[in-house]
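Here's the structure we're looking at; comments come further down.
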Amino acid sequence: MRYLDEYRDPRLAAVLLERLRGVATRPWRLMEVCGGQTHTIVRQGIDELLPAGIRMIHGPGCPVCVTPLETLDRAMAIAARPGTLFTSFGDMLRVPGSHTDLLALRARGCDVRVVYSPMDAVELARRHPDRHVVFLAVGFETTAPANAMAVLRAAGLGLANFSLLVSHVLVPPAMTAVLDAPGCRVQAFLAAGHVCAVMGWTQYLPLVARYRVPVVVTGFEPLDLLEGILMAVTQLEQGRAEVENQYARAVRREGNTAAQEAVRRVFRVADQAWRGVGTIAGSGLVLAEEYAAFDAARRFDVGRLVVRERAECIAGAVLTGTKVPTDCGAYGTACTPRTPLGAPMVSSEGTCAAYYSAGRSAAPEDEGAVP
Amino acid sequence: MCLGIPGRVTTTDRDDGLLMGTVDFGGVRKRVCLEYLPDVRPGEYVIVHVGFAITMVDAAEAERTLRVLRAMGDAVAAELGERLP
Amino acid sequence: MNAADPTDGGCPVPGRERSRVLLGHGSGGRLSAELIGEVLLPALGAAAGDGPLEDAAVVTSAGPALALSTDAYVVSPLFFAGGDIGCLAVHGTVNDLAMRAAMPLALCLAYVIEEGFPIEDLRRVAASAGAAARAAGVPVVTGDTKVVGRGAADGLFVVSTGLGRRLDGAAPSAAGAAPGDAVLLSGTLGNHGITVLSTREGLGFEADLRSDTRPLHRLVEAMVTAGGDALHALRDPTRGGLASAVNEIAGASGVGIEIEETALPVPGPVRAACELLGLDVAHVANEGCLVAFVAPDRAERVLAAMRARPEGRDAVRIGTVRDREPGTVWLRTAVGSRRVLDMLVGEQLPRIC
Amino acid sequence: MNAADPTDGGCPVPGRERSRVLLGHGSGGRLSAELIGEVLLPALGAAAGDGPLEDAAVVTSAGPALALSTDAYVVSPLFFAGGDIGCLAVHGTVNDLAMRAAMPLALCLAYVIEEGFPIEDLRRVAASAGAAARAAGVPVVTGDTKVVGRGAADGLFVVSTGLGRRLDGAAPSAAGAAPGDAVLLSGTLGNHGITVLSTREGLGFEADLRSDTRPLHRLVEAMVTAGGDALHALRDPTRGGLASAVNEIAGASGVGIEIEETALPVPGPVRAACELLGLDVAHVANEGCLVAFVAPDRAERVLAAMRARPEGRDAVRIGTVRDREPGTVWLRTAVGSRRVLDMLVGEQLPRIC
Amino acid sequence: MRYLDEYRDPRLAAVLLERLRGVATRPWRLMEVCGGQTHTIVRQGIDELLPAGIRMIHGPGCPVCVTPLETLDRAMAIAARPGTLFTSFGDMLRVPGSHTDLLALRARGCDVRVVYSPMDAVELARRHPDRHVVFLAVGFETTAPANAMAVLRAAGLGLANFSLLVSHVLVPPAMTAVLDAPGCRVQAFLAAGHVCAVMGWTQYLPLVARYRVPVVVTGFEPLDLLEGILMAVTQLEQGRAEVENQYARAVRREGNTAAQEAVRRVFRVADQAWRGVGTIAGSGLVLAEEYAAFDAARRFDVGRLVVRERAECIAGAVLTGTKVPTDCGAYGTACTPRTPLGAPMVSSEGTCAAYYSAGRSAAPEDEGAVP
Amino acid sequence: MCLGIPGRVTTTDRDDGLLMGTVDFGGVRKRVCLEYLPDVRPGEYVIVHVGFAITMVDAAEAERTLRVLRAMGDAVAAELGERLP
């Protein structure tokens, strides 16, 4: 596939690694923000190829991981209502709520369906006027335009039987939270390439200025990540802290203004709870008052939710990079992808699941060599 | 998050007012919403996320990155005095 | 079952769903193994054997060694590019027999049909099964036909069972792989699974693909001729894909297996669909290829014999059996690192977001 | 299939429904025969044999003669007085093999499970199948497990397939009945069918009845010992009941058969339920008895051997094979008249009004 | 079973046949009115045991056979409406309408269910408040009280989602129509025992007086029928024409007055079409105005029905006894129980089906002996 | 039409106001509406049609019929000078 295969070339990867070995003189800790980047790193074993001192810390950029338990419990309560046709992206179906998950609800007779796009959910609402279609709208700035368009489309079609259960998160405030976390070990960021494709990269300028932390907008293929790492390490080694754009083939300074405009119309910025992390001011999106009719949380009174997080789970520390999954007592024993206790064990982008499926049994820092 | 895949726009159309198009991903074709890239033309590459084209692939930039990497490769090869694998 | 009260009387189930069958229990991955190992086999008690789970069981009776295999086909849609549920049911069972080096002697076909199913579609399926059986050179000796009420089945299910006779000279078994064995794959990956997935509601895409459904017994016959008892293990990577097939063999044989990611033959459209949906091609179902574990000294001969047959034209070596970390499958990644190649946990869900 | 527009676009089908499968196509009667004969067998073409439809197919291979049989079980409810779908699947296939004088060597079990099915029920079914297999002395050598989405199956279907080895000295076949043969019935009629029917929504009644599901291979073994090649034909009157079993044999053997209505052993509650619902007991399913066609000179010996076994305790002679009106079954009625005993046409519907 | 087995005693049957042979000196043609009686006669082969001249003509007493095609087509149109849960006695499901039948509609996705009692349909309406339950209320005077009670019950429970599609027929007017038919060959009637159990037997007095035709109220078991035949033949031989009651264990002079009262409350007598026969004045029941809300025909406008009877079918003549099924060109060829062209080939009480399943290939009068 | 079967009433009760009962038909029991035979008592036989008891079986009449038939049998036997089958 064009624009993918080229960026997986093992010879050029070797070049970048060689270069990195030449540049890195000291240990550095970098955070890749986006779960998609975590996925590539772990699936390709990129972190195991890095020079000994260069460590990747997996960031909070997995919407499956950070969607608040209360939202999940609400989703399940709504999905269990007769007449609901509940739709979601695939991986959300596995995330454990306080009591059950969406796949188990489907097995018990609820109509829960996977869609590829929020527009597919709108189409379902159109085709099933007798049902109420709810879409679990999670995601970062990349997904927000799609969800915004779904609302605009449903409004345009006059669909009264469509709504979103929104749990939208914003990346820059989360990066700030990571840096503010006690015990923060992150020295540079690989910023999420597709978030920047939508939002542009100027929004990281204040962060860079305030924390003096290098930010490299990075793509998702092995070469992108290696180059992003190289650029970040180079900044660190040179004592620079700038916003650089590794992913220039997809990311422009100003981002996608049409998409930003749609998001601004449909949503407004609000404080947002991050699962395991807590509430971060101004880090989320909620439906604007004008589109309140499409807010599933307002439409459906599900009574009082008894939210119950698993005590063993240290997902918050894992998400902010202060701990690794192998620090968790439940990791690999009580908590496995088959029986996840926390969200990071669910999505293959989740840090705990990524560790588990790569067969990691101890924290890499404890190991001398690649297994 | 944000799984985005590059593909080539083959056709564009309006579906009930919505700007849509077919994007080819090397033998797989999918209908995609093009509302956020209203100026896209067939033949151009876009990155698709959850059914939306969110950005265009800049062919020159893509080439430039690879050229730099290849040049690096040659530089490394020159440094080491041998061809890389 | 009646339409469920999803909360079963307001008392939600704490923790993970363990009391009901999930769709993922049928995915051919970890959950499937759990259901079979923890529920079905223990319940059978002494009526079940105690060997590894094989594609086909070998029956010892007076006379030649026989093999038996059964499979239920519940594919949706029933008709797809490259085949349909009828030929699939024939090929699947012929192939499971072949994985024990058995040539098919006789097939049985049982149909469960939903009331209201179009007779014309039934005729097409039956004709396709008949044509596949004739092409494979095996008679359909008996069958059964049941009709259930509207809504009690999804159109049509087909269950095929095959009786086979083992070839002399080879006794491949899931427990037979040995350190040093070459891991051979007879064809390209993912064609069937992605073809079927492309029709799924909510995922729909168009792909230049067709299912690879085809019989593999003649390929196996050629492999036995070339490799004899060097053919240690054979598996068709159907549900659960290559990952399940090699993990099952790693487990049953007590060996480690290393697969080369770059050696895996993946057609472009399969690759593209996996990228689009965030799937791992190693988890995608195939219906016309096999993985073979062959002693190293005969691996080249077997590979040559495979390539000499049309259904083995794309055969390649994809890995090696190791004597470390028994039960584990490692993938050497494209960039030269290593990671575990695990089985699918539950249902194959697109990782879109 | 999608929910249908019943009128398929406003264009009603003239005449009888011929384009879709009806529930009656699975009733084991005339409609079933029509579907198999006009759709399924012709579609198989040369892949199907051309003999009569038997309970089990005989497979000739090197070594002893083998028999193969497959059956899909779709009974609802899954658990009923006297059994469940698990033991039923084992008994049914053991019995079909026995109808060809074959003793079971190996069984396969395939499950199609609806998402959401209680694991505990699955465990019960599997345990019951296991217990039945052990009691019958046959191992379950292989199986398959598929899960389909909620609403795509009615809880659980089980498909069992059996491999059997024929006893020496007898080769019963549906085509083997000869004029003069005594028609023997091994047990009372209707127990299974009425037990299951008693749970049906809208018909619900309570009955002092249990299904007669049980294995008959040991009974057949005793009959072969007593009768040898005088055992011309055997049939278990399952779906479609006694009427289908004897009509099929009348057709396949090209003989007329006369049954004595007053000789039919019908338990009181079965009689009562048939009266209440206007059903003919000869159309009601059984799962633990057989009809045997035995040369007259050995009929008494065979009958005595049957009665010596618990499952043949109620064995009786119910009729005689005639050389007139081939293909026809006549019933000598209680008041001494005669009428045709025909197969069920379609679905078994209560004649209430 | 008590009160059944005794009346099937073959020795007593032989006694009655012997007696009949003693009494009958001439040929006589008797009609059993009720389909249940036809069923016994054919299933037991009773008519084939009768003395050569005594012929049974099967009457119109099979509601499956006489329900007008227009009612069936209406039933199917209603059953095909989304939201309908259509209920019926079992045999009605097979009856061919102009275009299809209820079993085929069910196969195409309509919710068509068999009930044992109309009360079961009421129960379904109670359990499925979101569906409209329609019961196809066919039958004679025996069934009318049950259908009346279903309406009273639904009214009592305040069920707005229950209705009857009524096609109720009355026996005495039908008997009159048989006697009035040109070419009538009926010389005596066996009246339908269960109709009389409800209605009593005095309603036949005018008929007997007017047509001078013996009427014997008769039961359903072999001995009942043989005794009824004996009583009727005795009357004929003696030149009498009276109402006699063979079925005294179940039939009282006045019938079941509670049942009659309920029928009078819920229904009113009206002209009624009989399939194949035509409209007979005052021969049916329709819902009384007070219960019009329970009338499915009024509730559901199904548009214009194009009713199409098969030209080959001589069911009318068969039902009135002027012809036998073997007189029909389609009998046993185009028309079989698998492919019925007319209603009498459907129900096992239907004359054509009864002939067919008994293996009759020619009219009995053409035959010398029992086959 | 009018399939009616004799059975013995075993219990009676009121279900939501409706007079119901259980009728035993020789090993098969069914709930039956007794509204049209309000005076029926357990132990008595009724004829049931589509879930309703429509009439009581008169035991004396039933016996009388059979007695007459048996007497006829004896008469016929006497006439013919032999026992009937």
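The letters A, B, C, D, E and F name the chains in turn, as written, and every chain counts its residues from 1.
Quick note on the criterion: a residue touches a chain if its C-beta (ideal position, glycine included) is under 8 Å from a C-beta of that chain, and two chains touch if they have at least 3 such contacts.
Predicted, not measured: the structure shown is a model, and the values here were computed from it.
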| item | value |
| --- | --- |
| Number of steps on the shortest touching-chain route linking subunit A and subunit E | 2 |
| Graph separation of subunit B and subunit D (steps between touching chains) | 2 |
| Centroid comparison with subunit A (C-alpha atoms), farthest chain | F |
| Distance from the mean Cα position of subunit F to that of subunit D, given in whole angstrom | 35 |
| Distance from the mean Cα position of subunit C to that of subunit A, given in whole angstrom | 34 |
| Chain centre separation (subunit B, subunit E; CA means) in Å | 76 |
| Whole-Å gap between the CA centroids of subunit E and subunit F | 22 |
| Per-residue overlap in subunit A, given as positions that touch at least 2 other chains | 1, 4, 10, 14, 63, 89, 106-109, 116-117, 120, 139, 143, 349 |
| Multi-chain contact residues (two or more partners), subunit B | 1-3, 5, 25-26, 50 |
| Touching two or more other chains - residue numbers and ranges from subunit D | 4, 20-24, 115-116, 268, 271-272, 275, 278, 351-353 |
| Chain pairs in mutual contact under the definition given at the outset | A-B, A-C, A-D, B-C, C-D, C-E, D-E, D-F, E-F |
| Touch list for subunit C against partner subunit A, complex | 3-8, 12-17, 20-24, 30-31, 34, 201-203, 262, 268, 271-272, 275, 277-278, 280, 328, 330, 333-340, 342, 345-347, 349-353 |
| Contact footprint of subunit C on subunit B as seen in their complex | 1-3, 5, 25-30, 48, 50 |
| Subunit E - residues contacting subunit C, complex | 106-109 |
| Residues on subunit C engaged by subunit E in the complex (per definition of touch) | 115-116, 150 |
| Subunit A-facing residues of subunit B, complex | 1-6, 8, 16-18, 25-26, 33, 35-38, 45, 47, 49-52, 54-59, 61-62, 64-66, 69-70, 72-73, 76, 80, 84-85 |
